[in-house]
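These are the structures in question, set out in turn.
Each of the two complexes below includes chain A, the first together with chain B, the second together with chain C.
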Partner chain A sequence: MDKNSLKPEQIDILKEIGNIGMGNATTSLSKMLEEKIKMDVPEVSLISLSEVPELVGGPEKPVAVVFSKALGEVSFFIIFLMPEHSALNIIKALTDGETNEFCYMGRSVIREVGNIVGAAYLSALSFLTNYTFKQTPPILAIDMAGAILGTIFAEADLADDTLLLIKTILNTELTDFEGYLFIVPNWEKFKSIVEILGLELEE
Partner chain B sequence: MITRVKIADIATQRVSGVLITVGLGSCIGTVFYDSKSITAGMAHVLLPDSTQFNSRKQNPMKYADTALPLMLDDMLKKGALKKNIVAKIAGGSKLFEFNTSDGKPEVSVGEKNIQAVKKTLKDMGISLVAEDVGGTFGRTMKLFVDTGKVEISSLEGYKKLF
Partner chain C sequence: MATILIVDDTAFMRMTLKNILEKNGYEVVGEAEDGVQAIEKYKEFSPALVTMDITMPNLDGISAIKEIVKHDADAKIVVCSAMGQKSLVIEALNAGAKDFIVKPFQPDRVLDSLKKFQ
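So, the complex of A and B:
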């Protein structure tokens, strides 16, 4: 995969999928939190493996990551990453202040938030492509960003050194929360999705 | 001089300074050290085996079987002698519980990486003198070039010096 393999219109399509998916996700999250959530326009980039931790504040930054795989005609990874303090804030907000630590309850809250975001993204993608996806149960790790992302890339058996990343940042004022959604598709297969969407757009 | 080693990266350095790699999860940090010539090397490998991806052009620093010989070459060029070089490793942890389709736990990539690094060292004839591997947490690995000492730390305050 090289940097020239993405055309501007394909990047636009990927951004749009990101937009719609995250739009769904923020709606659900904002209902849960009872406050507005701001969402940045998704960024689509081709980036080297080793640079990914830099995007979220460096490899040593403590983060909570909810990870699941979307399996279907096209498979990809859904990674929802929150800085540790954001994760703690959202636990506190969603448990009405009852807990603000990574206990059993706190961990389930975080997993559920990741699940909602991932599922919203997938349902948007399904809607646009008519593909169906099966999402694996989300799993959670809380550790250094570099350690978690490295582990995910290794488990993925990623043969490429370059990843296609769709990154969206969410943030809220009241809860002081920030989250990053990364979609890491297998580019070869993801192309067919982009093509389907591209054809539809041309009609 | 502090040199940072990223994922799928190698660095070698002589006499003084620190080599550091941050955030080893299932990845393995391997250091080579020759105390006679004071030459140090550090590699951060992501995956065990390059041969399963031989159809495509690859970054050899990503795999245990290709990164370690490269690091050795680099050190020999800097004046190290192979017979003086010893190895220390850290990482190979299991941060997530991945299950296979039939619900049984998989052998983690971390575990595969540990085995692959050990096998590569054995094939190369380099002795492994210390290790801090496995577990369920990420590690940061520092190598002090002047002494050859390695310091391991984690977010939870875990520390180890060897």
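So, the complex of A and C:
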């Protein structure tokens, strides 16, 4: 299955889940940073695997990635990718300027940010579907985008080529931050979510 | 001074909680990084209160709550987790947790909750 086999209204539903999920995530980040965060409207799109590295600035772009698997009636991977400078900015903000490198504590900050963003997306999905999702403990990788994404996609054993991408840029007065959330579903199974939501919308 | 055990797999979150709690007169007697350690340290220190994460390696927080409550029916455990889905909140409360705080939290939310169980 690829993105062309989804109906436009099904894509709209996926976008809506993305919007609500990212809205939850932004509220969460804003609370963590104790700052008002301005969020550009998230761009939600379906893209091919091969488009991912270019999208985040090229395969050699240094990034921090937090990924975990959501487990439930439907399982899928959640990947939260931040450019290196965004990751360092958020470490600095959350440790009150005490850390601005990928040391033990810095890595721990990024892992928790990724965890909270992923959980916020799952809360939105759970609220809309009544499904319950658990999550594996998130794993953090810091490397070039191409290297990390290649490893994760091999691990995900993807049968399909299409990803759901939710890109958002968040700005605060003190912290520049940009993050990309990727949902990597097994589409055959993920379709049941779209169908459930589609039926609900028709009621 | 009430004793407390902090359970979270993320060092940053343990540090954040520890700062909040120590500033407000709690004695952090132990920290655990997963559910297995949480059970061991609960038995070792018999803390008055526990903060418990849910998503953790080796043994998750809900399983750890069940084990701790089996050992001590009066255990006072407050969940601090990013997983705020309604069904998971209910599952944690049914397992024996006294309260459920969704991350990220304001310090007052944690302190207000813990005060109720002292």
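Here is the rule we go by: the second predicted complex is superposed on the first by the 179 of 203 C-alpha atoms of A that agree within 3 Å, B and C clash if a C-alpha of one lies under 4 Å from a C-alpha of the other, contacts with A are read in each partner's own complex, and residues count from 1 in each chain.
By definition in this document, a contact is a pair of C-beta atoms (placed from the backbone, for glycine too) under 8 Å apart; a residue touches a chain by one contact, two chains touch by 3 or more.
Bear in mind that the values here come from a model prediction, so they are computed numbers and not experimental data.
By the touch criterion defined above, A:Ser28 lies against chain C but remains apart from chain B after alignment on the C-alpha atoms of chain A. In the superposition on chain A, A:Leu128 contacts neither chain B nor chain C. Applying the stated contact rule after C-alpha superposition, one finds that A:Leu94 touches chain C and leaves chain B untouched. In the superposition on chain A, contact is made by A:Thr151 with chain B only, not with chain C. By the touch criterion stated above, A:Ile47 is placed in contact with neither chain B nor chain C. Interface of chain B with chain A (complex): residues 6-9, 22-27, 46-47, 53, 56, 58-59, 62, 93, 95-98, 108-110, 113, 137-140, 155.
The touching residues of chain A, when paired with chain B in their complex, are 49-51, 53, 58-60, 62, 67, 139, 141, 143-155, 157, 159-161. Put simply, chain A touches chain C in their complex at residues 28-29, 31-32, 68, 94-95, 104-105, 108-109, 111-112, 115-116, 118-120, 122-123, 126-127, 132-138. Chain C meets chain A in the complex at residues 9-13, 15, 55-57, 60, 81-88, 103-106.
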